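Step one of this worksheet: look at the structure below.
The letters A, B, C, D, E and F name the chains in turn, as written, and every chain counts its residues from 1.
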């Protein structure tokens, strides 16, 4: 992205910042924003979070679970979330920058709405009154932390809907330690972005800089496709789409995934033997003897995996 | 809509009601809602409103202007809003129930998001704590006032995205005195709705009742297509699309429309004479004598219109 | 449709007629066709049919119920079919010839597949061996009976996918006594068709005659959008889409519709009084006194409707 | 359309006018234009025209044939044009202003391309040098003659792609005596246009005036959808789409249509008798006696029609 | 795919199995199925097959021809099939798992239709009566043989339309010896599938297991896009789409391909010389001397290829 | 592409060649064509060209600039063209053959229109009269020169809209020295094309040869998506889309790109230090000291780049 371009973006992209108070202390940076979705609101609406919280109030899915989640696929997550009656946590239809590279991290949410000067001017004034000199996409980007995935609602906008070009994409990669990006909107500088090692999911690509929009939320609930995303959700992107896992479901998803991996391992081993029809083995063995064999295998492998995990 | 159906809808559609306090007094009913967009926020973000306010805090474009606005077309509005740098106040792509009937009224905004039980449960608890027993689409509909247009963000949802069937459509008609409906979503019972005299703009029609969503805003800023709609905007729908006019621009739009009507009247009269090429008359007459003729005509007709208007 | 055109159509549209034996007796005309879906198959797969059967084996929903069904809307049908676990009986996305005119009748199903000469030639030979000289769309159309709706799978084909023009549309109207047409394909001669009084649902319109297809089924199970349609289903089309009701569900749908009509009648009456919020009345009255009032009204009106119906 | 709007349009819409020389004499007005498609080119490329020519060089399908063509439907035209190996003369996918009103007239073609200032400036200079002060959509519109249909390539543009609003639509109606409009682009002021009695086919509607385009052809060959349209083609629009008939095919189309009308008349009469299966009558009667009956009917009715026509 | 998921699938996916009799003998396994498309029907409708047949009745294009077919591209097939009046044997619009890897094999066809419990229950009962305990996608998959390509009509279904996940995809790969998959529907577990070496063509990817459908055909004629696919067709998939070649055309396609390969070889060699314009060489040389040169080259190379082929 | 196929193409694809005179002299070969867009027109409409011209009249952007342009991305071009009021020079929505390989070259433009025999026959006769024996896509392809990019308007046609297969693609690669191809239409033989080292941008792929079209322009202004392309424009294709740069803007684009590359280099270096928020560095440093540092860096690097460039 060029200097002229970003100036243009700055001109068009101001923040709708009722109650914004970014500079006061470390504990409030980026915690909550616009239309008064307060620090307390964030805590209330994510009350089932079983983990610690980040300084900005978001649930903090532990690093160790983020590491384990790199082995997940969307289908494994589907099963546990269906069981828990979460039917709307999956979004697809993105262009996927690195199809073979799983994206995992904590959701840092940002919302834009179509620019409207009368609303915009109020927001700018409110922000200035709180000591924030300028309100752009970079205001949000500067708040990112290691382990975050930047999740942005730009309502599918292509022209003027480019959340980042290669420079800011590079910054996001550095700031999040390669966390990732999901944008219901576009990016620019795809040639440059394609040389930077961070997963990204976007709707389209355009040469224009972001503009004709106003920033209306940082770490508020947002909508991406058919999903309500909450700040701190565990974001998992595979070759095809993105799951947003409520923190309270993360452990069950990971534990169930261990079993599924072992089940797949055993199933393929049996298929390799070439003696069985698929329905004799899969979903579960029809022959009681085989079933017992599987159950023992499962038990043994689970123990191995766990002891291996603990030994690290 | 059937009883069973609506029960189903109730089950799936609960309200996200941080700070909701509906029953306290007439002055707060429906004024502001979820994620704490307060009465004061509503007033701050519509500070340029030159008119009185409704008890819920929304700007109250006067009835007399609503009546005059029935003569507007989207194209006339376009010119004034462009001049005022409002480039994003028009939405189209709707199915229009009555193409020949202009819709005019004050925006009463409602927002839904995809259902997510952990967030939903918190909202239900918060609402209960404030004395609101049940949270459905009807919670919002019951707050409508005469002159309102119900404007709903259901994020384009078709299945389970039907804001009303014919029964509630009838109620909305009664409550708003025929104001109207704009929904970025669907309706059901189109056969029944087609017998009720109220303008409506919707994306699709489906036999399912609304469900699998949660109500997240009443009279908050919402997005309809590429428009940020504010509560109290003057909504004008014509044969093709819908304009959302900020209250502070309404008078200029109406006054300019008077001139455009007279200009069109005169232009057609001249074309009827059959003596001129289109470019000799339109946009403005090339011949100075004709231009003078037009200017006198404009002046005379404006006076007539205004004196006629005042005499009512 | 012109003579040259139909010759062309005949050339391209031959019937895939394993087991076709049309001329033997009245009891087998049109009963079943291709790929050996036999008369017995038709009876087996519609075994729950509570009514008599047509001579071709299809369930015969009684005329009196067809008459009552003219008052149905898709939404009323939805409720009963959902209860009975029929989730896939509704198709929409059609162009509707007469939006204000309900279509009701018994499904007469026809299936086409993309032309393929090696298969086609076998079918033609098999048909000839059974005394059928020519195999075209008219072979099926000639079997229609009063009360039928012609339901055709032309796999969404526009060019060369026109099941009828105005001449054959006129014939279908005469033969079915104005029953109707649903085609997942197109029609031609829309100007002519628009002067003929029969409901029709089609995907598109094209000037070409039908061609480059082969007829592969008459009164076999077919797919229209997301619906498996069985011969003899009660077809009900409203302003927006088409329901295919299994015969065994027809009575419940009609009875439930009586209640819904009365419920809507009462609800609107109450709304007209202007004393109630929508949620006090609808889905069902919250006040026990009102609820009792409603129940008495329901009972009385049901009796009136039924006695009125019996007196005819 | 407003004055301010059209000024804007004028600013953006200039004509690419190599060789334009409008003012010299009546015989050259509007005859040919840009990129040097000369009067002689127009005559060469329409050399098969059997009729007189308009002063601008276009073939002049006689008024009497235009009147007869009002009874045509697209399907009747299809047959003759297929026979003559014209496979690409039909365009659809338009919004049709008056579905029940056939559009007939001589094609007056106009082409726009995306604005590009370096090319535009040359065109403006060339036009000025030839005495044309200003180049807008109105330059073309001012050349329309009675019996014309304005056919415009705006490459499907919606925003800024509105060839006319209600004022210019009114002028076009007056100038062409209600001929009609086909635009692969949009119109504005649909509310106003809907009160004016002229057929129109357009892709979309938008509140913006035309802009960001340059006029690059008047009465040159243009493309509308999959059709190459030549100036002077007979344009026939029905309820669904538009045919562009080369002048040399017009007579055959009209004569064949007479036969088709009689054929349809007779076919329906026979169907009304209720004695025949569709395939016994249509496409042509299978029974030799019936075929003879039809042939006599055809002969008699053709004579009636022709003598009736001649008597006018 | 997980165990829970497949159980769900089993519940929803039952087979419509009139006449199914899988277990009787090797000669009938998988030969023909539902709606009584019998073993004899399969043989009749593929009567032009010049090769042996598989035990299930399908034509058996020889392994040696399958091997040669790996060098084909869709364009080479196009020419011969056009000549033979097969205009509808190509389908595209798929996502292609391995764009650089040609898919070749014998079509094993499977058809699903939208679930409908009344029909489904009959099918289940009929199947049980014939000793088939359970009817799922695996019923069909278990019948696959080496050299098969699994071709599935799931009518474009995405959600609940996933014919396989990675476990069953692995089984199909093993059972067909890497033959391949074409599904007018979706797959799940794309991350897992991407590690398995078998070509696949699908419309979409989804995390849900297959459901809400019923199996209605195994090795019956089915439709994939605009193609009627017959069991035993030679399936050839390239980088872009899939051809379904009737067995009787296979030899001509392969022989013609030899010539085209040589023609391309010679053409490129000539272009490499840099002395000729494209039209002097291609499609065929204009200079008689060059043409002779080419014909000699063709003859020589054909002999080489054939002798080389025979020596294997 | 096969011989039979191309014969077919020849039959359908003839050139509309008013004034075509290819063989007279080197200076006129391919310079300008149909509808009389003359050599002089080409020069007039590209009068701002600051460079020499090719023998066919097109601006000749120097080879050295073509080489530098390989480092451009669309976003860098965007900035300069916006400044110069070129808002419409970018097209996307193509399939990109080699996403990682930048395409650069001089536009050689070709236009097709839907076939129409009456127009076609005139063109063929005019061409014959000038000694051109045959008019096909190869007529244009044979005129290509080193450094050209072939840019073709086939109006988005898929079936029969394939400008080249692998043989002609190979020829184009040889003739242009790997310049490239942009076609608003399709290609065939993608398997073969994927082995040839030349960038290509196309809308779709199809097995049919080009047909049912007529060639109507060579090196005339054409439209690709929303762009008016002039012969001789510098074409730059990146991973996502294609820019058509007017020759007079090329130098500014390249010089500005140098600065942007240095700016990006410095920005990333600073981000690597990990001490700054993104907004402190980008678009431009907020701290005056940093800004100075940047300016010195820019100056130094610009000098290095330029001296390096001159030394080659």
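One rule holds for everything that comes next: a contact is a pair of C-beta atoms (placed from the backbone, for glycine too) under 8 Å apart; a residue touches a chain by one contact, two chains touch by 3 or more.
All values reported here derive from a predicted model rather than from experimental measurement.
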item	value
Chains contacting each of chain A and chain D, listed by label	B, F
From chain F, the most remote chain by mean C-alpha position	C
Same-residue or different-residue interface between chain C and chain E, half as cut-off	same
Centre-to-centre distance between chain E and chain D (centres being mean Cα positions), rounded to whole Å	47
Geometric centre distance via CA averages, chain E-chain A, whole Å	39
Sequence positions of chain E contacting 2 or more other chains	none
Contacting chain pairs - touch in the sense defined above	A-B, A-E, A-F, B-C, B-D, C-D, C-E, D-F, E-F
Complex contact set, residues of chain D against chain F	18, 35-38, 41, 44-48, 84-89, 113-119, 122-123, 126, 155, 212, 214, 216, 220-221, 223, 226-228, 230, 246, 248
Residues of chain C that touch chain B when the two form their complex	73-79, 83, 90, 92, 99-100, 102, 238-241, 243, 256, 260, 263-264, 267-268, 271-272, 274, 277-279, 282-284
Complex interface listing, chain B residues touching chain C	1-7, 10, 134, 136, 138-139, 141-142, 165-168, 170-171, 174-175, 188-192, 194, 205-208
